[in-house]
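Naming follows writing order (A, B and C), and every chain is counted from residue 1.
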Amino acid sequence: MNPLQITLLALGATFLLLWAKSPKNPRYAWRFGRAVVLTLASVAVLAPFVWLLAAVFKDRSVLNEYMFFPPLADWSKKTMNLENFSRLFQGRPSVQGRVYFWQYVLNSTMLATVSTTAQLFFSSLAGYALAKYQFFGKKALMACMLGSMMIPGVLLLAPIYAMAVKFNLVDSLFGLMLPGLVTAYGIFLFRQACMAIPNELIEAGRIDGCSEFGIFFKLVMPLVRPMSAAFCLVSFLGNWNSFFAPNVFLHSQDKLTLPVVLNLYITQYENDYGVFLAGTALAMLPPAILFFALQREFISGLTSGAVKG
Amino acid sequence: MAQTKLQYKSWVPFAFLGPYLLLTSVFFLYPFINALVLTFYQTNGPKSRVFVGLGNFKYLLSDSTFHQALTNTTLFAIASVCLQLPLSMGLAILLNQGNSRLKGFFRLVLFSPNLVGQIFVGILFSVLFTPRYGLINRTVQGLVNWGLEERWLSNPVLVMPAIILTSLWLWVGFNMVYFLAALQSVDKSLEEAARIDGANAWQVFWHVTLPSMRHVVVFVVIMSIIGSYQLFELPMALLSSTNGYGPDNSGLTVITYLNEVAFRSGDLGLGSAVGWVVALIIFTVSLIQIRLTKVVED
Amino acid sequence: MSLSRLIDKYPYGKAPLALLVLAVVSVALWFSTQKQREKRPDLIVVTFTAPHQAAYRKALPEFEKQYHVKVDVQLAHWGSLQTRLQNAMLADTDVPDLVEMLEGSLGFFARGPKEDIGLVDLTDRIEGEHLKERMVASRFSLWSARGRVFGMPHDVHPVMLAYRRDLVEALGIDVRELDTWEKFNEVGRRITRDKNGDGVIDQYMIDLPSGGGYGVLIMMLQRGGQLFDEQGRPAFANEITAEVFRQYLEMTLGQQKIAYECGWGQSFFKAMTDGLALFYITPDWRSYTLQTDLPRLSGKVALMPLPAWEKGGRRTSVWGGTGLVITRRTKHQELAWELAKFLYLNPKSLGERFKDTNIIPPFKDAWSLPEFSVPNSYFSGQPVGQLYAELAPQTPPFYSSPVDSIARAKLDEAYTRAIEHFKAHGQDGLMDVIRKELRLAQDDVMRRSERNQVLEQGK
């Protein structure tokens, strides 16, 4: 019997005890059980992150000695330090001189924020149009959009790369953004959200002399703010963590984004896991902050949008 | 919603859709047609192509590796729908009945795996699955006194469970958030009415709550299936010590197979054919899904 | 208008506004940090492994001074480099001038008709300068296709066994007596046991992957087996492979096993520190990994050549390989060739490179440099360079093909079937099953490579 089994047994026993106390109305038992399950789930989810945290602060020579943190007795400058971060901030060589960590953060930030803002704008435009306008070929277009989401992206990589080279978009952060400026997924999300807007509002706007674009911008968009926030979060996450496309399209050492450059620390013949993990831990902060700030809007955005048919 | 007279100029919708249409025709349609055409060819190098008609498809029919990739991926899709989604739903229900302060905290924690990219998750878990010393082996050993030596990533039988486990960690929280949002919009009065009528908690859930969340559930299921069939970065990173495919091709998915055939062996035509088969499967499954829900509705 | 009202007017809401502001700020910052882009360097070299990039950048200034050119060495992830190169070839667009490639990847590029191969044919140049005599000839096999050579080999990567000298000596084992696998296994069976009585074996003889993988391949090559023949046809269904399978099964499975799979990374290092296995397959590049990631074991590790299959046989194998190819689209073919030779044949930089990586070059003249005979304190004072250099001429060739990774996977599949049979029936009928599975696997690979109609037509 080890501590883990003992703990689980104790929790189970407590649950049964609470149940036995009031079998007809086991409110306390359920509450306790609920808390236990949620806590266990959280522990299971957080455990790998704890490993990450431990690995980030362990010195390179002892990274492989201890699974998590060294026992307190072994803590010293030699085993726990900020070496990984200092190596991370040392930068990487390039023909333009040394490139430092902040440059990669800047690249990633620019890519993610500009992409997300553009995607927000164009997707909402198209989504609104699909929700509130009738036009020839609308059904066909929506079917095609849905179909396009089912094509594996890897398939289109070679021709897109060829085109990107022709248009001189390779090795450029802006060129990388261009193919992905509008996503069918985003369009559908905004379509759902806009369909919930009452038509009377739009007609009232027209009567008031607003232009179509004005209606869109001043009347409709403020009403789907939750959806905008939700979409921003999902988009930002996707763009911030995207690896495959930047990996292929970006060549110059000073244009790489965070996921790409961090992976370069794990090469065929040499791995510096400590730096890789330290960088990943830092790279997790912006999305975490964003999610934390946007949690409520995110949830209500989902409620108002994708939820309804 | 019928309108007798258009109250806006007819070019307006196209102006709104303009950017999308433009970008799509350049960056999607052209590559798409390119891929479509390539399916009937066999490519070797920049300039050489040989027309093979349906030859690629014929080859895939008898290709045991492709069949294995299909089996693996389908298994994963089924596990996603039948394991992941109930877990997400369960957690969403549990989370829904609480006070809001803790709710926000748990929501953040359970969603947090999605803050990092798939590649990182794959690498992280490849370390956690190591035999004897890995976190997962040690935990399982502690719980049921078995499995310390199990090689998750070198045992063909355990590779797919390992991938499924990793995907659970990653996506249960994500779908949970969707379900949570849907639960919050369910009409409470309906539930109350059912409870007053004498239904127990499970019946209330199955007959009242779930049907009113129908649209979200369908949406999440379809997205899950589409996502499962496009699984690529996760298995490649997880199984990177065996070329990304696992021992005995047990971790081969259709997209990693596509990547192998098109970009490692060099036949883009065959890769295109694989892609088309995948798209067809996804399309069919989604169609069936939608039809089924319509049937249930009526 | 107050700030909060301004914020309110943004239609999308607070968070999207924050993102917009951040976007504008970051774009402005980005443009301001963009350094004046110098004109494209004369030559771009791309590699996928950081130690190489570091080593090349160290050596470059001399080349740049001599030829008055600018050379850039870029680092890219191997997967992306491969994709990028492939796409560039397919689209017939701008590519780097020189690219370092990983073993087995040449096949993709040599797939089509000869005019289409996007790499410069180096055969004549190599023969003109007698490089096959001056370098280890077998290494050119990795970079050859259809009889022509397209790449310069960077390394030899002979394989030795690294072992915990302190533990091995404490057990009274004299490694000089372990000159055949038979003797090795015998000793292994003796010492593989449960040391502390908890029911779990905690002392194995050797670290081998249980699924076959690189272990089987290394042993196959050592014994004279091959994945592909010189023409790129699969050639692994033969007695040599079958024998290797059988031996490997005995070593890794069953009652008499002496091997444990220690894996990679954290678990490998822990295993070595604990002495979970005593012997580890160690090519030259891995010896450097040990030095950097396991400093605690300094002085406790030593190297020995692989035990041979029969007395007096080959005592090494190969594992991995990198090579340099010149793309045909380069504007400075001759200059690129000079750079390739400079990077790979320049004795001065080769000595330093060995010191930084433990990797011995295939260039024979370099082995007499002083750095190669320096006693290495990590490896108990052994002259690591010399040890590997002695084995280098014996390294077996390794031919490539476009279906390289499929062939490896198929070989693993055949081995898995053998495992299943061994677990169920032991030695009963084992060899027949092995032979059958190997034949099936080879036929499948053959079918795949025979699909290559262009090759058929071009012949």
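The rule we apply is simple: a residue touches a chain if its C-beta (ideal position, glycine included) is under 8 Å from a C-beta of that chain, and two chains touch if they have at least 3 such contacts.
As the structure is a computational prediction, the values presented were derived from the model and not from experiment.
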Touching subunit A and also subunit B, the following chains: C
Top chain pair, ranked by number of contacting C-beta pairs: A-B
Averaged-CA centre spacing for the pair subunit B and subunit A, given as whole angstrom: 16
Length of the line joining the C-alpha centres of subunit A and subunit C, rounded to whole Å: 34
Separation of mean Cα positions, subunit C and subunit B [Å, integer]: 33
Shared interface positions of subunit C, touching two or more other chains: 83, 86, 90-91, 265-266, 270
For subunit B, residues that touch 2 or more chains besides their own: 127, 133, 268
Interface hub residues of subunit A, defined as touching at least two other chains: 67, 158, 263
Complex contacts: residues of subunit C adjacent to subunit A: 11-16, 19-20, 22-23, 26-27, 29-30, 33, 35, 37-38, 41, 46, 48-54, 57, 70, 72-80, 83-84, 86-88, 90-91, 93-94, 102, 265-266, 268-270, 273, 285, 288-289, 292-296, 320, 357
Residues of subunit B touching subunit A in the complex: 1, 3, 6-10, 12-14, 16-17, 19-20, 23-24, 26-28, 30-32, 34-35, 91, 94-95, 97-98, 104, 106-120, 123-125, 127-128, 133, 135, 138-139, 142-143, 169, 173, 177-178, 180-182, 184-185, 213, 215-216, 219, 226, 229-230, 232-233, 255, 258-259, 262, 268, 271-272, 275, 278-279, 282-283, 286
Contacting residues of subunit A [partner subunit B, same complex]: 2-5, 8, 34, 37-38, 41-42, 44-49, 51-52, 67, 122-123, 125-126, 128-130, 133-135, 138, 141, 146-156, 158-160, 163, 178-179, 181-182, 187, 199, 203, 206, 212, 216, 237, 241-244, 259, 263, 266, 276, 280, 283-284, 287-288, 291-292, 295-296, 298-300, 302-303, 306-309
Subunit C-touching residues of subunit B, taken from the complex the two chains share: 42-48, 50, 52, 59, 64-65, 127, 130-134, 148-149, 151, 154-156, 241-243, 245, 247-249, 260, 263-268, 270
Of all residues in subunit C, those that touch subunit B in their complex: 82-83, 86, 89-92, 105, 107-109, 111-113, 115-118, 200, 209-213, 261, 263-267, 270-271, 402-406, 408-409, 412-413, 416, 444, 448, 451-455, 457
